[in-house]
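Read from first to last, the chains carry the letters A, B, C, D and E; within each, the first residue is number 1.
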Amino acid sequence: MNTIILSAVFGVVLMLSGTFIDNKSSFKYIAGIALVILLALNIADSYGYAIFNIKTGNFLHFTKFGFLFNSICIASTVLYTILSGKDIENVGNHVAEYFALIFFVLCGVSIVTAYTNLLMLFIGIEIISIPLYILTGSDKRNLKSNEASLKYFLMGAFSTGIMLMGITLLYGTNGNFSVDRVSIEIQPLTYLEVLGLILIFVSLSFKVSAAPFHFWTPDVYEGAPTVFTSFMATIVKVAVFAAFIRMFETRYGNMGGQTDRLIGLVIILTLAFGNLTAVFQQSVKRMLAYSSIAQAGFMMFAVYAVNDAAKEGLLLYATSYCLATIAIFAVLVKMEDYSFEGFNGFAKSQPLLAGVLVVCLLSLAGIPLTSGFLAKYYMLAAAIKTGSVGIIVVMAILFAAVSVYYYFRVIQSMYFKEGDVAYPAVSGTFKFTLVLIAVLIIALGIFPTLLLQFLYF
Amino acid sequence: MNQFSHLVYLIPLFPLVGFLINGLARNSLSKSATGIIGSGVILASFVLSVLIFLEVKSPGFQPVIVNLFDFIRVTDFTIAFSFRVDQLSTLWLLIVTGIGFLIHLYSTSYMHSEAAPHFARFFAYMNLFVFSMLLLVLGANYVIMFIGWEGVGLCSYLLIGYWFKNNDYNYAARKAFVMNRIGDLGFLLAVFWLLAKLGTVDYTEVFARVATLSTFDITAITMLLFVGAAGKSAQIPLYTWLPDAMAGPTPVSALIHAATMVTAGIYMIVRSNILYSLAPFTQAVVATIGLATALLAATIAIKQNDIKKVLAYSTVSQLGYMFLGLGVGAYTGAVFHVMTHAFFKALLFLGAGSVIHAIHNEQDIRNMGGLKKYMPITHITFLLACLAISGIPPFSGFFSKDEILAAAFEHNVIFWIIGVLTAGLTAFYMFRLYATTFQGTFRGTPEQEHHLHESPSAITIPLIVLAILSVVGGFLGIPEVFAPDSHWLEHFLSPLIAKTEPAHLLTHATEYMLMGVSVGIALIAILIAWTRYSKKPEMEEATGAGKVLANKWYVDELYNSVIAVPIQKLGGFLNNIIEKNVIDGLVNAVGKGIQYAGRQIRLVQSGQVGNYILLMVLSLVLMILLIFYGHNLNPIINWITK
Amino acid sequence: MIPVLLILIPLLSGFITFFLKNERTVKSWALLSSIATLIVSLFSLGMLQGNNQLTYDTQWLPLLGSRFTVSLDGMGKMITLLTAISFPVIFAATYKNTYSKPASFYALMLLSQAGLMGVFCAADLLLFYFFWELALIPVYFLSSIWGGERRIPVTFKFFIYTFVGSLFMLLGIIYVYYQTPGHSLAMSQIYNLTFPDGRENYLFGLFFIAFAIKMPIFPFHTWQPDTYEQAPTAVTMVLSAVMVKMGVFAVIRWLLPMFPDASHSMSHLVILLAVIGMLYASLIAIKQDDMKRLIAYSSIAHIGLMGAAMFTSDAAAMQGVMFQMFAHGINVLGLWITADVIEKQTGTRKFSELGGLAQKSPTLAILFVTMALANIALPLTNAFIGEFLMFSGLFKYNVWLAAIALISIILAAVYTLWMVQKIFYGDAKDSNLPVVILPNGTRLMLMILVVVILVFGVFPQPMINLTTDTVTKLIAQIK
Amino acid sequence: MSIVQILFWFLSALALMGALMVVISKNPVHSVLWLIVVFFAISGHYVLLNAQFLAIVNLIVYAGAIMVLFLFVIMLMNLNSDTEPQKNNMLKIAGAISGGSLMLIMIDVVSSSTELAGKSALVKDGNIGLIKNLGRALFNEYVIPFEISSILFLSAMVGAVVLGRKGEAKAV
Amino acid sequence: MPIQYYITLAIILFCIGVVGVLTRRNAIIIFMCIELMLNAVNLLLVAFSKMINGHAFASDQASLAGMDGQLFVFFIMVVAAAEVSVGLAIIVMMYRNTHSVDINFLNRLKN
């Protein structure tokens, strides 16, 4: 509960501080400190030191998994703020509000990682979504930003409608909105429930940009101000996965025996769309958008498998994906040219940043020694553990290989091609944080236990 | 006793040391030092060989196996690096080291015009060759023999391509090596066959356990071994490398392509005679091939104008004889012919070398003539050798050839007829060569004539020695018909030769008749050749059938178009079409396909919200359909998702 | 501790190298550290099996049932020795070569050595996979940065190709993991698995593709000639001397013992492919005009033989494979070193532009010819031993296949001697090529290699003995 | 047919017609007005189901506030029927067909759902729709979602500020 | 009333909304159609809540069972209101820049 309340409070604080403080650059410090406090209190909460002892009834249930997920999201946001705080200031005048919205999103995140009631899922998703509509459109004079915002909004609202229909149908059968497993024995689901679950599944797939409900993703990610794309593509996306897995790990774990075929199809489609389309992209930013779809395809395995390995894997995946993507975006934001050619010769002018980028890209591509590898490993392991070794796993493998193609294009540009990159001077903190991320990626790639032990201790 | 036999490892060691010294210190040694080292080590080997021979000759000698170390030892089999001293190997030791030494001696003079490092290189190669040949001969199992087998092939390659600046020589060298390798392949397969069936390649054990092999196995093994022998001993179809090998310096031709290396095949078959005796089919094949080779090469030799080429084809022809002998079971005869042939063929080559040396590397006999007055010693020795090879009694060739022919007659009259015919041809082309070269008048340039001289003693001494051997060598195997029980060689080798059922002995009358016919035909041929070519040598290009012979029955061209060109074409096809377009093309097509798919799929991303939502709704509809109405699709879906 | 040292020395010194400035320092440092590795490796030779210095085991990923277990058996010792020899030889032989950013170059080289050592020492499947990839990444960078003209697409293809293969292996690993009773990936556990009917063949396929691409076995080989041609020669040496052995090694270490039945039932197909590949590569090699490409194809042919021999389940053949791994590594190393020297000094690798080098550079010619002879497996060179043993096993497996495969040794003679002839023979006057001067380090290294070639050609037994334990165990496992 | 039934059918027909007209009307203003008709019809249904509170809230929030907002925006933009170009007919048909098929499928699934067979909604009676009960529940059990939804409003407010305020400096 | 009627009605309304979203180009109309969808859901929720209540009503007239549904409707309205404010702000912002609310012109971002 700490996190939900405090993130809301901090959001309000930042919003209000906008009226008192003129200096744009001070907000990121405030936000940074607030985030660190939030992180600390979230961790404290996970060990039972809650400040607010509120009965959450059957709406929220806090678990280690949820707390750890929150921690990951908040910690990622901390890194994000350190790396990209300066760039947020460049988006527009409402810096305080942007940070406030980010805090509101975090509030939504901590709701969807802990909900036990469809109402909370709905509200949580909306709390996440609405600030994102706004952040996407925050570059108000930029037509692309406008367009992205409107597209996102229209489709988001539409998917909300679908989700509500799904929730309603579930309610119609059960008479309540709880997702907790009521009885040990698994009863076969009714038609109505299955239909409702499909609708909820579709809507959540939309949120995590799983194909064929991913169409908004590339456009929105490209149109949105790059800093916010970074935020959306990482923290928000993995949080929705937490919601997703919560939905299907509980009462609806077995969608009438139909889950795996549906999710299997979605996984294949997502991997295919994400990876194949990313191959053709000319802009790194848009490529990353498609890559985020592809990564979502892999994270869908957690939803497919819903077992212990899946949960562990999702945590690891979320972490490594967030770390790597945030770092890449942090570097990308400062580039003038988002095309692949814009990176030509980057290694020469910025060897350190290039090195970090390489680690991140390798992690995204799932090369061993980076956490991305173990994350993918866990996902595949989770899928295979369910006993169905088949086309989808092979497809995942093949598409993972395809993904190497576009990730390595960046590396090729940076290291093997000649070119001049005009890159602004970056602060020591920036570099340090990037190196920290790289180290984390590698450390987790060798000892994932560093992270996953928190699930059990 | 056997004190020297146990030192047998020194015999190959000497040449090896010579090779190392000459090879490594080639830049610092003077020519004379090189010559002394190079020839000296062979002499040392020869001396030791003689000592061992004396030991072996003594009655009651048992073969000595000198085990140096385990070459390859794996769970299934062990191959020892060991040498075997017995009658056969000792005999070959003498031939190899003896003639080898003479040729080395000869080379010190013949190759003297080479620069010191190259001179040293030459001797290094020669020493290495002798070393390999000795390994081949001494090895106590097929693998060691194979080591020497390939080693002589290598040295042959190195020596043929000794003048590496000339690309034609290089091609010839490569051809020799590759053709040898084809034969080696057969040898190797035979070795594997033995290993697979018997788990050993050791002669003693193989021959002891030969009874456990099926007839098919034995036939296969012997056939494969024969393929190896055909490669090394230049039999049909693998003979074409030998004439080309004349590209090397003449001593090389003498050493390798006459006296030693080409006899390796004979050695191997004699060594394996116990196997061959059990494989009548193989024997028939061997005899037929040998005979065919003898005839074919002899016909070709008639129309050759290069002095060395003639000799080369005569070598091929004589080898064919030896195989005929092997094929009809006259192992001793074959060995006997190997020996006599080694004497007179070395002599012929060295004589030819002497001639070539004298007229400054001219090899075309049409540009020679009348050399007998300029080079008396060469002339005489060459003539003796020609007589010997023609099978004129009492020269050595007569006895050995006669033995083979007699055995052939016993076996099959047709063999004998063709054999005699070939013998006639041999006499004809040899004396064509002799007459064209030494009789008549000199047809070269005046400048060449001015320089004509007899060769120095380092060349003539070996000639003389070999000439003596050519003349008297035949007395080692006097046939039964002249003096009963005087065939020394047969006695000497008898412990190693398979005991076959006694051939129905020819009556003395028949035998005399056979001898008479063959000698008569030879004499007639000599007469024709002498009279025809000493006055008016064949100067114009051959036409008609002669052209076919001059062009060696177009066998080279045939091989070229049937084997070499198709292989090259196949390589080109694989390289340019299959590799680039099919296999790599397939790999690249996957990449291209992915890019293409990416290009196409991205069109779905039209940018239109309406389309996006439409697609979402459609997918939703499909999903619901799939779940609720998709039972009919179950097999397909299960296949996809399971 | 030995295997840990073998991995750690290059790993750490590799990282240190990144921060060294001076080119000389970098080179000396790399050379020194690789020699240190070599000493450690030599040290291991003296240790008997069962010596606990040869294994190291510690907790690593309890959640994935994977432990950090490294150990050396006979084959391990042999192949790590090859790796340990290769790197100092490469460093010394190419000492005179200059690279832009030398620190990165040598650092990556050392890292790839660490990866290779890891692959050869790993006794845990996941650990093995880690190192398998770790060895690949530095090579990717090395070739892409310092390679030839078409380096980027070519190296990339190589990378993707091998990566796809290893991903399949990853699937197999995961499946195997769930099959083990204690959910473990330790070698001891997975060696004794039995799989449900039919599954074993699929699993075999998953692993085999990875290894076949790496070796490479026809028709998965097309990455190789291009990569060898485009990579900087030092990297090509690593690739062909050691890295392709990863595939062979992996088959013996993992594939055969894990799936003996499948290996047995699939052996026909594999051997057939391997034999086709031998002939195919040999025929193509005949038509090459580029020295590097020719050696590349010849390497494919040689590896093809190893690929065929591995699946014969014959002890002698297996010994041959192990021996040949070492022998081929040494031989091909020598060939590449010469190729490098010739290319660096004459500026070309094309046979059509070379010729007559023997006249001006006789030492080089002699050394090269010796190695060329080893390449065609002439007796008394090390390659003969290996090929002899392998062919003997292949022969036992199938006479016809062996006979067909043997044709490739004839073709080997054709193209190898062709290469010798075009480069060294002929008249030097025809070409305006400069004299090729062997730098001292290169000359020394080539001489050492030639000595090794000959010594093991005459006295192969120590090397055979080294790997006998592995073979015995393996054969027992398979049968 | 009872009055309830008559009302039900009437309201349903009204709602459906209104909904159709929302979609069909070319003039946005008409669409808004038809939507309001739908809302009224639905509110009528609420009343019928004895959910008075929701009926009122529906009218106030939807018909009153939201639709006015819509209307306001439409007026502001001065949109009329001429300004909206029609979609490509193909797309329209495709949209209609897919929407229609969605409807058919959903209805089919629901109607073949056995657990709903014979169940009916309690009309007129029941007191869960009363404001007293709803209010009590809202501030007791539902206080957490209730409070949390305030965050939603906060962010919507912030959004309105961020997006609505004029005068950003940055050019495209 | 039989619950099926309500469900059918709601689904029809919902799907009319969907069709509207699919066939119109005016962003505001599309948005309105989405609101229509939400209302269909609301209606269904209320109907379900009364169905559940009716179940309990038979035994206990004062039963509050099924109230969740009506509360949920309340929250949906809350969210819808928030959404509308943001959505209209976005549309207005868009209109300010392009003077159009036609979604077909939203095609700067594609492929």
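Going forward, a contact is a pair of C-beta atoms (placed from the backbone, for glycine too) under 8 Å apart; a residue touches a chain by one contact, two chains touch by 3 or more.
Treat the numbers as computed from the prediction; the structure is a model and nothing was measured.
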Comparing A-E with B-D, the one with more C-beta contacts is A-E
Farthest chain (mean CA position) relative to chain D: B
With centres defined as CA means, the chain nearest the overall centre is C
Between chain D and chain E, what is the gap in Å from one C-alpha centre to the other? 5
Please tell me the distance, in whole Å, between the geometric centres of chain B and chain C computed from their C-alpha atoms. 36
List the centre-to-centre spacing of chain C and chain E in whole Å, with centres computed as mean CA coordinates. 66
Whole-angstrom distance, CA centroid of chain C to CA centroid of chain D, is 70
Which residue numbers or ranges of chain E touch two or more of the other chains? 3, 7, 14, 17-18, 21-22, 25, 31, 48-49, 51, 55, 65-66, 71, 75, 79, 82-83, 86, 90-91, 93, 103-104, 106, 108-111
So which bits of chain D are touching at least two other chains? 87, 91, 94-95, 98-99, 102, 106, 109-110, 116, 145, 149, 152, 155-156, 159, 163
Residues of chain B touching at least two other chains: 591, 602, 605, 607, 609-611, 613-614, 617, 620, 624, 628
Quick one: which chain pairs are touching? A-B, A-C, A-D, A-E, B-C, B-D, B-E, D-E
Using the touch rule from the top, collect the residues of chain C that touch chain B in their complex. 157, 160-161, 219, 221-223, 280, 283-288, 314-316, 319, 356, 358-359, 362, 366, 373, 378-380, 385, 388-389, 391-392, 395-396, 399, 402-403, 406-407, 409-411, 413-414, 417-418, 421, 424-428, 459-461, 464, 468, 471-472, 475
For a test of understanding, state which residues of chain C touch chain A in their complex under the given definition. 60-64, 129-130, 132-134, 137, 141, 144-145, 151-152, 156, 159-160, 163-164, 167-168, 170-171, 174-175, 177-178
What residues on chain A touch chain E, complex-wise? 119, 122-123, 126, 130, 133-134, 137, 140-141, 143-144, 146-151, 153-154, 157-158, 160-161, 164-165, 167-168, 171-172, 175-177, 218-220, 222-223, 280
Per the contact definition, I'd like the list of chain B residues that touch chain A in the complex. 591, 594-595, 597-599, 601-602, 604-605, 607, 609, 611-613, 615-616, 619-620, 623-624, 626-628, 637-642
Show which residues of chain A lie in contact with chain B when the two form their complex. 150-151, 154-155, 158-159, 162, 191, 194-195, 198-199, 202, 206, 212-213, 215-216, 218-219, 256, 258, 260-262, 264-265, 268, 272-273, 276-281, 388, 390-392, 402, 405
